[in-house]
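Paired with chain B in one complex and with chain C in the other, chain A is shared by the two complexes that follow.
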Partner chain A sequence: MVTAAQNRSWYKRNEIAVTPWLFLLPGIAFFLLYVIIPIFQSFWISFHEWDGLGEKTWVGLANYERLLGGDRKFEVSFWNNVRWLVLYLLAIPLGLFIALFLNQTVRGIRLYKSLFFFPFVISQVVVGLVFTWFYLPNSGLFDVITGWFGIDIRGGVLGNPNTATYGIIAAGLWPQTAYCMILYLTGLNAVDPEQVEAARLDGAKGHKMLWYVIIPQLKPATFIAFVVTIIGALRSFDFIAVMTNGGPFGSTRVLSFYMFEESLSEFGFRMGYGAAIAVVLFFIMLLFITYFLWSMYQDEKGAR
Partner chain B sequence: MFPAPIQKSSRRWRITYQVLLPFALLVWLLPLLGVMLFSVKPASDFASGNYWTIPASFELFNNYGRVFFESDMPKYLFNSFVITIPTVIGAVALSAMTGFALGVYRFRGNLLIFFIFIAGNFVPFQILMVPVRDLTLGLGLYDTKLGLILFHVAFQTGFCTLFMRNFIRALPFPLIEAARVEGVAEWRIFVFVVLPLMKPALAALSVLIFTFIWNDYFWAVVLTQGPNAQPVTAGITAFNTQFGVAYHMMSASSIIAALPPVAMFFLMQKHFIAGLTLGAVK
Partner chain C sequence: MHSIMKATVASLALGVASTSAFADGHSSLEGTLRIMSDMSNPAPRAAMEQMAADFDALHPNLTVELEIIDREAWKTQIRNALTANPPDVVNWYAATRMTPYVDAGLFMDISDLWAEPEFDALASTKGAMTLDGAQWGVPYTYYQWGVYYRKDIFEELGLEEPATWEEELANCQAILDSGRKCYTIGSKFLWTAGGWFDYINSRTNGYEFHIQLANGEIPWTDQRVRDTFANWQQLIDMGAFIDDHQTYSWQEALPFMIDGEAAAYLMGNFSVSHFRDGGLTDDQLDFYQFPTINPDVAPAEDAPTDTFHIASGAQNVEAAKEFLRYVTSAEVQSEINAGDALGQLPVNANASVADDKFIQQGFEMLSTNATGGIMQFFDRDFPAEMASAGMEGLQEFMVFPENLDDILERLEETRQRVY
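Right after this comes the complex of A and B.
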């Protein structure tokens, strides 16, 4: 009984210092186990040759030497990742454009906004399937429409190594644009009407107004749109798995897909090599993560 | 307001806008309308190459009925619910606590822990893949719903903590101080003072996580196989083999698979959008 009373008083005395750690404990434990520790384990595995079952064999940097020393599949995947990154960013201006178009108060506009946002709610697997049918050679709606203009893509958009990646990116842009649109619609709602009026009195109109008055005020929305779009571009896996499975002739592989293919597919279980690809992807992502965190840190300092 | 309200512009532009609006929507949703059309067509339409014509016969009940009674679809749907709902509860509960700890208390390492949660949430899935699969195998949870749930809860806690912490930061702090002066225990402050104020954040995160988890494909493929544990996103690709190129059946199943998050979105739109903007854009 005495110890219980002592414990209690110790807890009482240190309540404010101890409570946050008690509240953090379950969350941190889960996050460490499933997210933080696995990152380091992947680094470790990438120095080995491992089939996922037997013993790991230490190979040092051999996986990286092979990867960066002229692995054709790696090069294709890497450049496709760059394409994804650059083209995916189009979702931001496109989203802004649609948001400006829809930022009116006419009848039924709420429903229009919801329906424009619709593609984002659907799973990427379904969007991927939908676009696969949209792109079907000869009978797909896309092919029918381009046919009117006399354009014929050999083997269909997804069957042609020159167009397949762009076809998939376009499919990915559909929901991503919807996301950026909703961010900007919310942002536009918060634009200070007095500043807009003041600028109007000063004779600002149209694109001048947009560039010098509106877009600076939309900065928080743009930041989030940028973050989610970059992350989305580097996470592109579902679309590729569903739409082309990396083909034709491996032309649509990206790093995330190539990693999966090496470690967990009918081509074998090269976990060590897969982990090395994941580490490279991780470092590419880390560049952006560092920038995001740095921006957030500046905000935090400002708030204090 | 920008752009200038349409009511203030010329009559001609007003009419153009009213016409343009439904037309733009039609173009925007064209791929989706195509699938809806596919899903009510009979098989014979595809056999004869009439992909985009008016259906020769209206097969809505037939196609959707077959998906429900002649495929594993109900099983996959059930799995999706069994995976998604506990994940939502788990991630929201854990992050309400971490968010409270990081949002209310000042202590060394606060910001560091917060940033680790955010950074972990942005990491590519692939760097977690091999070790998480290994861990799940080791726990004997490979190809079980629980294995997926545990991982999802852990991973989503990162994102949810970001959201919860920022939300709690914006709450009026004097309320908490007043309770402290009254001598209320810290955990009671959490339950009786902070939690009731967090209802909007709880709602926003719940709908958002529901959609994220329902739509997850990657982890479903990595941690499960077959209709015993796989959710509907993974199941639907299995239909590719079951139905072959039966576009009408595939379309019908896709639409069914997409329906729960869509319903969720339309029912809880306000919360959903609040969640998506990460609470940073007001």
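Right after this comes the complex of A and C.
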């Protein structure tokens, strides 16, 4: 008996413990190489002054002192990020509304659903371009419509520093609403008809039915919609690059765009400063990531 | 060793003889010459491909490999191209824009090439190719900036090309009274505003002052800088520029002039082909030099120079140097800058200037009436960080001139950090 066990190879003896790690190994290796290690490299670079070509010069915390000690571009970018985060969340109620509206059995509903989903399928760059034309001063449709009400935005929506960011967020909301709608449509399929029936017997209808019966059952969908919307808001780079290129005079920058400008754009290559912005952005994201992970962990615990 | 000797002898011989000596097929150049070019627009691309093919034909034992990269993309890709497996020859720009690559040792010092007698014909551009007392590349083309205007509108209103600022303002008032705008501009991508600043500043305070400002020797809050902006504001307050220009690219601003809603455009000569494509004939389109503001300063002109460089990691240095000699020779210069090729100005004094009224006028202007000096353009004369902050400030000034104090303070803050 003893000899039989010893005759088995080391791998055979530890198969159960080792195999999962073997399967995880490629994933872990690439995650380390392309995600974890670069994060620490960014920390390291952010303590230097570096043009990406020559020698790095150690400057300690100087980049952070400049960044957090009153860099106006940083302040503008930060507050724009906050605007994005708050206003982008509108996609969730909007998506829910459209999903409820489309969750009925009428002839051709599949067609309507796919039409509503359409903006999420086309590329963000195309959405940005279409909205740029929509907002064009004088000839753009939006300007024509506001003209009927006697409203004239100086410089057009995207040319006026007070409206440009909101204009871009509105463009971003279009595809994001479609995304949330799809999440809620699948969520609505999973709503328990017995509970709805029971509630109806108890006399619930209208917004009470929605608030106390339907929405609680949509909680998983809401959570996912919240996660993707927050991530979408922090990834607003594409829209800004296409629609205003950060302008007019830098009023639509967000942190990711500012980071790109400082480190990788035509007039950039201040890698240290760009990395410092990246680190700050990383910590802002970390707040959300921690919340998401904590919340998922709680769910797992509850399920057990 | 033998082949290197041969190559050296051959190149020395070339220093004396003209490039056509190689047409006989006695070339000793061997191997592969790798060129990475940013001449991606249709006409320049054709010129570059022709040039590479001709050079290849001149040297039977040499293979020329040409790779053309999108002009905008190249502005950031050049860094990767020069550091990993560098090609032999690359395109770039003159003056301060060379600094990062010279400092990092990625461009080869080619002062020896400039010491050859042929290069005397390029003397006018030597300054723009010099950093730290050495030359780092050769120019292959340059073009003038100036005011392109609708001749038919000027004739309709009975206006002459303005020579002084007073005439300029009077002209503009007449144009505005006729229901048009004086100037079209698209400042979404910022650099177009840099052209206006270059001209008004150099006309107000002179070339020396402008370059000192570019070199960070003068604070942005200086009274003389304010004078420049005050002159500029005269035009802005009149409403000389088209509305909402911050939402247009420079191409999107073209239709205003082509449709006759604006009378003129301060631009580089590359805009001419766009005007012609837009349907303007040479009878409708004309050019004048930016008017004098301060009669005490000599006029300086924006004339950006595009260049070729040898990467310091080049594998085939002899062939690369030979290619640079070839590109700058009078014959090739005439050919590639001709009206049906680049349609720009040749850098070699012995080359012939294309038979095109705008190229001729530009050549005339730059050779006789640019006594102040030649500027490379705002984003090439100012260091990168100053240029990007500066152009953003200029755009803001054009839209909200009342923010001037705040803008200048911000630029001054940037200046103190950058230099």
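Following the convention adopted for this analysis, the second predicted complex is superposed on the first by the 294 of 304 C-alpha atoms of A that agree within 3 Å, B and C clash if a C-alpha of one lies under 4 Å from a C-alpha of the other, contacts with A are read in each partner's own complex, and residues count from 1 in each chain.
In this text, a contact is a pair of C-beta atoms (placed from the backbone, for glycine too) under 8 Å apart; a residue touches a chain by one contact, two chains touch by 3 or more.
Everything quoted here is computed from the prediction, not taken from an experiment.
In the superposition on chain A, A:156 contacts chain C only, with no contact to chain B. Using the contact criterion defined above for the overlaid structures, shared-chain residue A:54 touches chain C, although it does not reach chain B. Of the two partner chains placed by the overlay, neither chain B nor chain C lies in contact with A:99.
In the overlay built on the shared chain, the residue A:181 is in contact with neither chain B nor chain C. By the touch criterion defined above, A:238 lies against chain B but remains apart from chain C after alignment on the C-alpha atoms of chain A.
A count of residues in chain A touched by chain B and by chain C gives the higher number to B. In the superposition on chain A, A:249 contacts chain C only, with no contact to chain B.
In the overlay built on the shared chain, the residue A:17 is in contact with chain B alone; chain C does not reach it.
Once the two complexes are laid over each other on the shared chain, residue contacts for A:264 go to chain B and to chain C alike. In the superposition on chain A, the residues of chain A touched by chain B in one structure and by chain C in the other are 52, 136, 264. Interface residues of chain B facing chain A in the complex, by the touch rule stated above, are 1-3, 5-7, 17-18, 21, 24-25, 28-32, 34-35, 38, 49, 51-52, 94-95, 97-98, 100-102, 104-105, 107, 110-111, 113, 115-120, 122-135, 150-151, 153-155, 157-158, 161, 185-187, 190, 211, 214-215, 217-218, 221-222, 233, 236-237, 247, 250-251, 254, 257-258, 261-262, 264-266, 269, 273, 276-278, 280-282.
Residue ranges on chain A touching chain B, taken from their complex, read 15-17, 19-21, 23-24, 26-28, 30-31, 33-39, 41-42, 45, 52, 100-101, 103-106, 112, 114-119, 121-126, 129-131, 133-134, 136, 139-141, 144, 174, 179, 182-183, 186-188, 190-191, 193, 196, 209-210, 213-214, 220-221, 223-224, 227, 231, 234-235, 237-238, 241-242, 255-256, 259-260, 263-264, 271, 274-275, 277-279, 281-282, 285, 288-289, 292-293, 296-297, 300. Contacts from chain A toward chain C in the complex involve residues 51-54, 66, 72, 136-138, 155-156, 158-159, 244-245, 247-250, 261, 264-270. Residues of chain C that touch chain A in their complex: 72, 75-76, 79, 83, 100-101, 103-104, 106, 188-190, 243-244, 246-247, 379, 384-385, 387-388, 392-393, 395-396, 399, 410, 417.
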